[in-house]
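My structure is below; once you've seen it, I'll send some questions.
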Amino acid sequence: MKKKNITYTKYLNIDKLLSLQKMESEKHNDKKHDEMLFIIIHQSYELWFKQIIYELDSIINLFSSNYVQEQNLGIVISRINRIIEIQKLLINQMSILETMTPMDFLEFRNYLNPASGFQSAQFRIIENKLGLRLEDRIKFDNKNYDDYIDASEKKIVNNTENDLSLFELIKKWLERTPFLQSSEFNFWIEYEKAVYSAIERDINDIQNNKNLNEDAMQSSIKHYDSIKNNFKKLFSKNGFPNDKNRLSQKAILGAIFILLYRDEPILQLPHKLLSQLIEMDQLWTNWRSKHSLLAFRMIGAKIGTGGSSGYKYLNKATSKHTIFSDITNLSTYIIPRNELPKLPDEIKHQLGFYFTYGEKK
Amino acid sequence: MKKKNITYTKYLNIDKLLSLQKMESEKHNDKKHDEMLFIIIHQSYELWFKQIIYELDSIINLFSSNYVQEQNLGIVISRINRIIEIQKLLINQMSILETMTPMDFLEFRNYLNPASGFQSAQFRIIENKLGLRLEDRIKFDNKNYDDYIDASEKKIVNNTENDLSLFELIKKWLERTPFLQSSEFNFWIEYEKAVYSAIERDINDIQNNKNLNEDAMQSSIKHYDSIKNNFKKLFSKNGFPNDKNRLSQKAILGAIFILLYRDEPILQLPHKLLSQLIEMDQLWTNWRSKHSLLAFRMIGAKIGTGGSSGYKYLNKATSKHTIFSDITNLSTYIIPRNELPKLPDEIKHQLGFYFTYGEKK
Amino acid sequence: MKKKNITYTKYLNIDKLLSLQKMESEKHNDKKHDEMLFIIIHQSYELWFKQIIYELDSIINLFSSNYVQEQNLGIVISRINRIIEIQKLLINQMSILETMTPMDFLEFRNYLNPASGFQSAQFRIIENKLGLRLEDRIKFDNKNYDDYIDASEKKIVNNTENDLSLFELIKKWLERTPFLQSSEFNFWIEYEKAVYSAIERDINDIQNNKNLNEDAMQSSIKHYDSIKNNFKKLFSKNGFPNDKNRLSQKAILGAIFILLYRDEPILQLPHKLLSQLIEMDQLWTNWRSKHSLLAFRMIGAKIGTGGSSGYKYLNKATSKHTIFSDITNLSTYIIPRNELPKLPDEIKHQLGFYFTYGEKK
Amino acid sequence: MKKKNITYTKYLNIDKLLSLQKMESEKHNDKKHDEMLFIIIHQSYELWFKQIIYELDSIINLFSSNYVQEQNLGIVISRINRIIEIQKLLINQMSILETMTPMDFLEFRNYLNPASGFQSAQFRIIENKLGLRLEDRIKFDNKNYDDYIDASEKKIVNNTENDLSLFELIKKWLERTPFLQSSEFNFWIEYEKAVYSAIERDINDIQNNKNLNEDAMQSSIKHYDSIKNNFKKLFSKNGFPNDKNRLSQKAILGAIFILLYRDEPILQLPHKLLSQLIEMDQLWTNWRSKHSLLAFRMIGAKIGTGGSSGYKYLNKATSKHTIFSDITNLSTYIIPRNELPKLPDEIKHQLGFYFTYGEKK
């Protein structure tokens, strides 16, 4: 292992790194102190976006084989965990920008026109790699997102629209969930039974509840009708995907199985992964929401440089640009542990480790 | 100063405090481990709500005199700062609840029915004291918020609807902003002139910009039309309050003055206060937004115990239950420092300290 | 499932909870505004301490069986994770107390004398349950920690000194680590070989490095001597426990095995657990460190009410009251993956799952 | 205001920024996934260090005039506040590095040898600009800090040793505190009287306290002896600076005055500034402390690449490299508000604003 005498400064290219902050206000001989922060914070965002893409690529790669080895599942989980920690930082980082007042921003805002964070190619790549589809994107000023991307980056961004996204790979992985069906056990059928029996028992309880007046009783029962309908859609053959759900029924089936039996050793990591997807999604939502509030605070209801309101765009995107809401939504379909179908011994055994950790003979 | 030998345990009533956690699941002989967390976290929330109310009361009291002394403004600011730090904690605290999975919550959820965080009297009191009006509240299941309050607390909650709220007191305080008009200076008139001249100059720039094609030019000019309209409303005699704005024109006038000249010594604390109101508002928004995501993650699209969807209520309230959006929105109306009307010497002098801190002769 | 109509207010005992804040300054007819915060924040700390003890008890219970089932390991991990999230909150919560100035604290400080956070029984119980030994505790003013505990709580606190602590249980669990020795494989011997061969190769590289001058070479080689010595102690029969290390050699052996082969499916959760112990430990260290800084800021070098300096005690305890530093310290003994002894197929197979998650053929 | 059509990508030099991450492991044809994170996080740190230096320079510049105008004090405070927010981020950012395990770090650690964060020139510049003196620095492996700085940066770093530091400027500013002495009032003398009378009264109370046994009484009185001694040093002519304190007596006098009367309008911003200096200091302490724990977790007690233990260096620096501990320590010398010397009307009047905000006639 030969190596030259590397220094921190050279290793990290510090000199080049610190030469990339060019204030537009200074170029116009009207230097505004706060522009530096504006540059530094955005460059820091882009560095972290690069890291997120780097981790996403490795995760997508690990998921792209025909099957995902358990060993790799651990790696995937630790890398998504890293993305999650970065996302938390991205959100916290906004507090630094909040030390800039609208008046101070206004001083140099015009010099940047029409540059806008909306043009970040890396952020669009992240969205595409996660699985945000073109048709689900909020339009900005009636234009597609890629109309705002610099020509030099447009092709790279567009290419990521067609690559297999994390969403698609998770879907396939869920569809491959084992144990769902054997000669003696069909999870789907058993679960349907368990669900309806639980609902019937609840309705029965309500009808026999002498503390309820007629109104409350009717309202409660109506409530259960809607629950039943929900489950009917879940179990019906052509229920998925539909206009609200992107996952196939098979994938949802797998995910519910993992959720319900996640205490079994072999399902603990898969369950962790599903939780992470929800968390990642919600952190992007938090990010957009905080971003939107910040934009509103900085420029109010002013129309943005592109002729449209950035605040309103961000606000809409906050709730619409989620990727894994199908998985978040699974809580709708779970029933308490004590009402779950009992797994046959054979499957139960497969879900455990053949070796009980710590037991020594 | 005579005192008995007080101990930590007695001072804080630790024994009583630690005896207030009664798990419903345990009462039903079906103890579920995670219910303890559910109790502890909500009790902790209520302790902090008490502290927020305590600080709010003191702030409202300081603002209720005919005028607010500078000395007290400093106190008000430090107490709002405390509320803000508490709000940040309330938001962070949700991460602890996120360690509970939907499956674990489901285990004891039915035992709590129909108790719900929606019934927190203290939270409603906070909203009322801040200035959330009954008519601006999102209804929950077509009922008023106070239909969900325990009978024992209803009167206290309702009373706070009629008390002078922080919003009302801030409004009056802003209306009293001095310096706006003297024999030789009328801020409102000067500002109107400055605004229109800035807009005219921008439009002129656009029309002379040879890099713009016809389309871009028309769109930019249309954009400025809308800006102009916005300002027209601001300056028109009967512009405020309107369906979007609760503040009076006079109060907005005062707030804009503070915003524009906030570098002047005497306006620094008032400006800090306005920033805090915005931050407090946005933190409640963050809180509701994170709360709504958590509710969705925990129970999915399930209909809540009250027969309605808590998730949807929270989601709506997130954007609608703001109090000080009029102040946040002021960024819409500011223009760059170098275009501000110059203050007459007399006013400029009043805004400074007679004593320049530092050099002593 | 019959139940009365429970409300939020009754469920959480809100009325009692909110009646437990009795300001001493008020009792002395000298009400000081900031005392309320002092009470609320400490009560909130005690609520969270109760939750930590509750989780610790359940974890200790799960670890107390002769062996820990994999299924339970997942539960243990999720509960330690909860403790970790609570610890983060405890640290963040200090920011709220920092909104109180030393002047404001001084206003009511004398009324509380000699009550002190040092008297928190629950905090001592946590330390004991984690495994802090009496002999490792920093004395405060030459007295034992329990001299400060209220008589009513002393016995409970002392009892927890003798219970099996988390540290002891983890030690036993590590000593039971399987796979370390079979007829054909002795991990300890193989690892010793690998370590020394790696060291020899490094020394060789240094001696052949023509870019190094004589001085640098000697210093590098001396450095490796100290590394070698370190490992000699590790492998020597009577190396552990010693005055620096509480763990037995057998437990350390098990922990290193987990660390080195933690990518193997069956070792992923054990590895996660070890990481959590380190994190938990470091968060307590952070907590004490921040607490000590806060105490210094609040009362300076003033001698505390007990006649000794709280600041200095906290400062010492920060670095000495760690529990799992043996585990943190394990990084000292790891070598790169590509130099690890190769596991025999039989063991490798046992460490995997018999079922490869995903595609099934 | 003419400008070319600037884009986000060009404005921020994104292409260059994203080309600066060169993995050493990749150069050795042995690419290790986690090295990317190591590069990105350090580059992000350096970006933020640049921003901190930029703000520090502007603050030092504002303080370098003969006096600091009130208007500028507001600017200084908002910029220190920005530094504080950045420091919080730097600390949080470590959580991302904690997602790297010691095993993964070990994989590429040797490739970086002997590059080390210890060589960051910008961090040393920050320390120098804050006011850390060469003689107060912990030596690393018996060498001065600048022996580790890259030749290309050494001169710049050394130069900052001799520039006026923030500490020196704050000292001068405090020494200029007005109001301390007038023909009719000498704060120092009045304060000395007040202090001793408060102490005498306390001792008297103790001696008359019938609940105290002889031992407790003696110990309490001894305690007050030490307090008295402390104050004697404060008031003695040649008390400062001494081996523990860098501030002059005159500066400490000014700072105590600000602390004691900080409710007066004109002292609110100065008091805020003092609080910020303490917070900035303590955040650096937190940063070093967390950094030291991280180093220990990553490499254990291993000797670092420079032949010395980074962990131990960081640990020592944590408590020794503070700058403003003289100011933190001021809490030692304050007495309750109700025992403060009353300010003469003339001074009281000067400390207020001539205009009472909001009062309108």
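A, B, C and D are the chain letters, set down in written order, and residue numbers restart from 1 in every chain.
One rule holds in what follows: a residue touches a chain if its C-beta (ideal position, glycine included) is under 8 Å from a C-beta of that chain, and two chains touch if they have at least 3 such contacts.
This structure is a prediction, so every number in the text was calculated from the model and none was measured.
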- Going by the contact rule set out at the top, which chains touch both subunit C and subunit D? A, B
- Check A-D against B-D and say which one is joined by more contacting C-beta pairs. A-D
- Note on the structure: By Cα centroid distance, the chain farthest from subunit B is C
- Message: Can you work out the whole-Å distance between the CA centroids of subunit A and subunit D?
- Response: 39
- Message: For subunit B versus subunit D, what separation do you get between their C-alpha means, in angstrom?
- Response: 32
- Message: Quick check on subunit D: which residues sit in contact with 2+ other chains?
- Response: 1, 5, 98, 101, 110
- Message: Which stretch or stretches of subunit C touch subunit D in the complex?
- Response: 98, 101-103, 106-107, 110, 219-220, 222-223, 226-227, 230, 259-260, 262, 275, 278-279, 282, 285-286, 289-290, 293, 296-303, 307, 315, 319, 328-337
- For the subunit A and subunit D complex, residues of the former touching the latter: 1, 3, 5-18, 20-22, 24, 28, 33, 36-37, 39-40, 42-44, 46-48, 50-51, 54, 58, 78, 81-82, 85-86, 88-89, 92-93, 95-96, 98-99, 101, 110-122, 150, 152-153
- Note on the structure: In the complex, the residues of subunit C that touch subunit A are 1, 5, 66-71, 73-75, 173, 176-178, 205, 211, 263-266, 268-270, 350, 352-360
